[in-house]
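Dropping the structures in below, format is structure tokens.
The two complexes that follow have chain A in common; it is paired with chain B in the first and with chain C in the second.
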Partner chain A sequence: MITMSNFLWALTAIILAPAMGALISGIDRKLTAWFQGRVGPPVYQPFLDTIKLLSKEKNIVNSRQMICVLVYLLSSMAAVFLFFLGSDLLLIFFVLTIGAVSFIAGAMSVPSPYSQVGAQRELMQVLTYEPLLLLTFVGFFLITGSFNISYILTWEEPLLFSMPLIYIALGFALTIKLRKSPFDISASHHGHQEIVKGSLTEYSGPQLAMVEIAHWYEIILILGVFALFWSTSVTAMLIFLSITYLAEILIDNLVARSTWRWMIAHVWPVGLGLIIINYILILGM
Partner chain B sequence: MNIESLSALLIFLPIFMAIAGFAPNLTFLRSVVAGMTAVLALGSIILFIKGPFAFEPVSDMVSWHSIFSFADFILLGIMFIIGIRYRHKLISILVLAQILPLILIKFSTQKPHFFEASIAADHLSLMMVMIVCIVGSFIVLYATEYMQKHALKMGTSPLRTGMFLFFLILFLGAMNGLLLSNNLLWMFFFWELTTLCSFFLIAHDRTDLATTNALRALWMNLTGGVLFIWAIYLLHISGLPLEIHQLTKLGPLPVLLLPAALLCLAAFTKSAQLPFQSWLTGAMVAPAPVSALLHSSTMVNAGVFLILKLSPIYQGTPLASYLAILGALTFIYTSAIALTQNNAKKILAYSTIGSLGLVIACAGIGTPQAYSAAMLLILFHAVAKALLFMGVGHIEQLIKSKNIEDMWGLMERFPKASLLLVFGMISMFLPPFGALISKWMVVHAAAQLPVVVIMLALGSALTVVYWTRWAGMLVNSFNPLTGEQRFKSPLFIDIPLTVMAVLSLALSLLIIPVYWCLSVPMLNIVFPEFADASKSGALMENIGAFMVYPAFLAIGFTLLIMKKRRAEKSMPPVSTPYYSGLNRKDHSSPGFTDPLGNFIPFCSENYYLKKYLPQERVNAGINAVAIGFIILLTVASL
Partner chain C sequence: MSLLSDCFKNIIAKSRAGSPWMVHLDCGSCNGCDIETWACLTPVYDLERFGIINAGNPKHADILLVTGTVNHRNRYVLENIYDQMSSPKVVVSIGSCANSGGIFKDCYNVLGGADKVIPVDIYVPGCPPKPESIIDGALEAVQKFKLNQEEK
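== the complex of A and B ==
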């Protein structure tokens, strides 16, 4: 149920989420640099980058790009808002879909070869992670009997114990969603890969900054979803989330980029297999 | 006007007006069709407002039952002649297989059936009647314009075009009759009438392909007819009533199970479910109005309508589980195949079959939430598909191609038509539009059945991909749309398209009232225990779906900003896309100049994953699986 305190909590989340997201990606960069034996930028570098981007001159190919970026940003904001409101997981899933679709439409709206390849690959990424994400949410339902986040949070014991395999499958899904290696197929952080920056190639200045901010919201949302696996105590949750995200960073640095063919051919069977086995375990118990 | 005459009007007006299709004068034809649209739309709305009803039509001279018996034999006779004319043995055999039980029923020595109410309607029928009358009529209106161009292109005579419009209008009457009949024998007549109409409509172009596909549609639907009439015969010899309402009142009796299974299988043929999907994709050779009519508001809806109507009979039996699995299987299969297609109409066709699969899965799941999801899905799907098919038909006439690869950058050439098309696609799969709300409810309802939900999850991701891809390539263009000569569609194409888009938007915005007016009264009847629960909090769980409103706000907000931007004329500087430094200086068309000075235009193509999903192999496999399930289903209901 929506109460005033929930509403205020969600509102706070929406204001604080970009700051948190930026901080996390700052830490991410610092750690990555450390792994690679570099000093790396200061933790607050993502803020500086984004502020600089925001102050740059707008430069676009067509007006549809602006609409798409805006819808992308709004949808990730809405998803974070709904999440902290304690709303329905399926609803959040569908709101996230709006963002994903709009992001792809934005990339496809430009007659640019790099952006097109990026968009096509992004489609394949969506195809791969969407079912896994949806089935994870169904997993929550199978155990708790509800899709409602506020209800799931009241569950007595950490859900990780009943759905460990789903947790791993979700790890795949969210690595793809965050476009981290080995699934940084459609666009990467660096502009010097074979498809330049893929689906991000045609964005610059404020538009690129908006994509970045939307990405921060997504990081927070994803951590939120992971938090559902261990929501019994705050400390435990924080430790669990740190471990999860550290694992993400570690994998990001350890593995090389895969191709989308490899991704579909492996992530689908493995992810689905894990989820199905976990379903059987849940239903069998 | 009383209910009796109103329902007679909705059935017989199109049947008698059909002759107007031959009118040589276009203005006359259009005013007649427009008038009919207004009368039908108004009539169906009044009928809906008056609410459910049931009555037995009386006539002074000949009883209606004898008239329908006569008509049955005439209809079957026509189809038999078609079978002979095209030397298609199977069709003739199937017709004979229908005539036999019909004779057995008509001339049996058993005491004649007493019909309480041959015509009856509940909220489901009334909703579908509204869809037929409003969406269907606008499609006929669209056809008056479309067929002019089509006749020029194909060189068909005015008589044949008239014939086409005749069957198109007749179809509306047949469909209304089907939806309003409570008497299974009458429903059978209208059922076969839609089959016959669709045969003539699909065969309209008289090419070899059209004839082959029309014959295939005919024999597959006749198979359904055979199953239908034998189900009636089974009911007849067991001395059971032949009225749907009475049958559903009996509840899940073992003796009812086999007839119910046969009727569901008949519905499978009509709704082109696995393994009968090929007739509907074959029907794509027909002109666009036929596809729009068959796919959105008529024909295919008849099948799911029957399945939903029968749901109290098979609830809780194995039949229900098989329906859920077969529906979900159809959904995932069609979504995967749609991904490999580049023919616009084929993509739409597969998407239709998939959506109907979802409806059938809902009927199988059989919770109140699933039932209302099914109803809402039929409604929103009808409107969106009408828009999409009419839009694609129009675009096809403009660019002379059905291939979506030829639609890159269509936004630049035909802004309004493309925008409407994109809207139609978005309304099929994204929140906050109705179709997605129904999908939300389906997943919610299916969550207890992991097998079904896994198929739904995979299928729904596939649908996202093929719609996004198509919508994305339509909006692909270079310059902002300024200063160009805007293309204007003909009025009678523009109006139906716009009306469908507005309807889709309005229904999505009014989703809560729609839910209360359509689903809740129906749920109260189908699920008696729901009637009590609806007074308490159980309904809120269903209605939680409509929390999607924030998304509406977000979209509204975006549009406002965009409008303000445009008002300020603060368009940012426009740049060319990145071509590795070889950009062209002028902004005329996308592309780059290579080192030798040649202009290389931009081109791009989609991934179709054909290698991973070879259609023939997938088809063979999936058909085998579907037939297996159908055998299981039949055995389970023996």
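== the complex of A and C ==
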């Protein structure tokens, strides 16, 4: 059900989400620096980076690349908008997929071998996390009987208690989506430079900034999905989200980067296994 | 209106000075300057506290750090990397070899300094320079982003 207040709330979310996402990634970088015994950049560093990138010279390789990056940004904006509108989880999933596919198409539209390899790896990553994400949404459905976010949010008790294993499986999926180690294999996110910058190699200046902003929207969306696991009180939700994100940062710093073969060979069996066991637990109750 | 645009320019200048991503090219020689340059990125010196990230991709970078002697072969690589960087960009030449050719200046294959090929903004002296002076040079180069704004 869409009301005026709902609509305004979603619009506010669209405006505030990138700022929140930037702040979260700033805190992320500061914490990572602390783990590594460094001082680290200021918390507002992501803002500086993006403003700088937006003000740089435009070097567009071809027009297809520009279209792809625009679609990627718009789809993640739309996904956040729909999420805060309290819309359907499946609809959000499909909107998000359009963005993911467009991002891959953008990386494939240039002849650079690094970008091509990055695109192939990104494809593998999408292939790995999409089933887990979809099955998680089915998990919400099995318990609450609805894919509708505004309905799921009205559920009396935290959903984490009835789907703890799905939470862990979703953690795998979203580590991939957040481009955290061990799964930052497509864009070499944290400066490992194995394939230069992978799927981001051929983006420069404003385009790179748009990819970055789209990523912030995704961070907010991901945290939103996690928030569904504990939506009974705001304080508890914030604590739960902080713990989840801290765990992501910790894993990012603790583990080395994997290969795509390792990712598929481990994330699928473990993730799907956990989800199926949880389904059995839910249906058996 | 001009106040707003001044404010806007100010924010852009600050962002550029606060977030210079670097790309590093070693043109050859003994690797002493490279080791010192990489030392700047370690937790001991931590270049990231100034917002400097080793982008490793000229398309993303704002500062080009050049070390080593430029010769007839690698001048094309240097030119290519410089051309791939999008403006505004600055070049820091690190160590005697990149500054002037150093002890290899009179060799038949050496051009004598990176500034023979691309415009260099800051020269960091030393053989090799200390990490402290490399950081100083990089941050001095970054100030040029602010200057360019004012000149416009």
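Details
Operating definition for what follows: the second predicted complex is superposed on the first by the 282 of 285 C-alpha atoms of A that agree within 3 Å, B and C clash if a C-alpha of one lies under 4 Å from a C-alpha of the other, contacts with A are read in each partner's own complex, and residues count from 1 in each chain.
Keep in mind that, in the parts below, a residue touches a chain if its C-beta (ideal position, glycine included) is under 8 Å from a C-beta of that chain, and two chains touch if they have at least 3 such contacts.
The shown structure was predicted, so the numbers you read here are calculated from the model rather than taken from an experiment.
Superimposing the complexes on chain A yields a three-chain arrangement in which chain B and chain C fit side by side.
Contacts of A:95 after superposition: chain B is touched, whereas chain C is not reached. In the superposed pair of complexes, A:59 makes contact with chain B and with chain C alike. In the superposed model, A:196 makes contact with both chain B and chain C.
Contacts of A:138 after superposition on the shared chain: chain B is touched, whereas chain C is not. In the superposed model, the vertex angle chain B-chain A-chain C (Cα centres) comes to 120 degrees (nearest 10). Set against each other, chain B and chain C differ in how many residues of chain A they touch, and the higher count belongs to B.
Looking at the shared chain after the overlay, A:5 reaches neither chain B nor chain C. Once the two complexes are laid over each other on the shared chain, residue contacts for A:37 go to chain C alone; chain B is not touched. Taken over all C-alpha pairs, chain B and chain C come no nearer than 5 Å in the superposed arrangement. On chain A, the patch touched by chain B and the patch touched by chain C overlap at residues 57-59, 196, 201-202.
Contacts from chain B toward chain A in the complex involve residues 409, 411, 429-431, 436, 440, 443-444, 447, 450, 453-454, 457-458, 460-462, 464-465, 468-469, 471-473, 475-481, 544-545, 547-548, 550-551, 554-555, 557-558, 561-562, 565, 571-580, 590-591, 602, 604, 606-607, 612.
Touching chain C in their complex are the following residues of chain A: 29, 33, 36-42, 45, 47-49, 51-52, 55-59, 191, 193, 196-197, 200-205, 208. Those residues of chain C that touch chain A in the complex are listed here as 11-12, 14-16, 18-19, 21, 43, 46, 48-51, 53-57, 59-60, 62, 86-88.
Within the complex formed with chain B, the chain A residues making contact are 57-64, 66-67, 70-71, 74-75, 78, 81-82, 87-88, 90-91, 94-95, 97-98, 100-101, 104-105, 107-116, 119-120, 123-124, 126-127, 130-131, 134-135, 138, 141-142, 147-148, 196, 201-202, 264, 272, 275-276, 279, 283.
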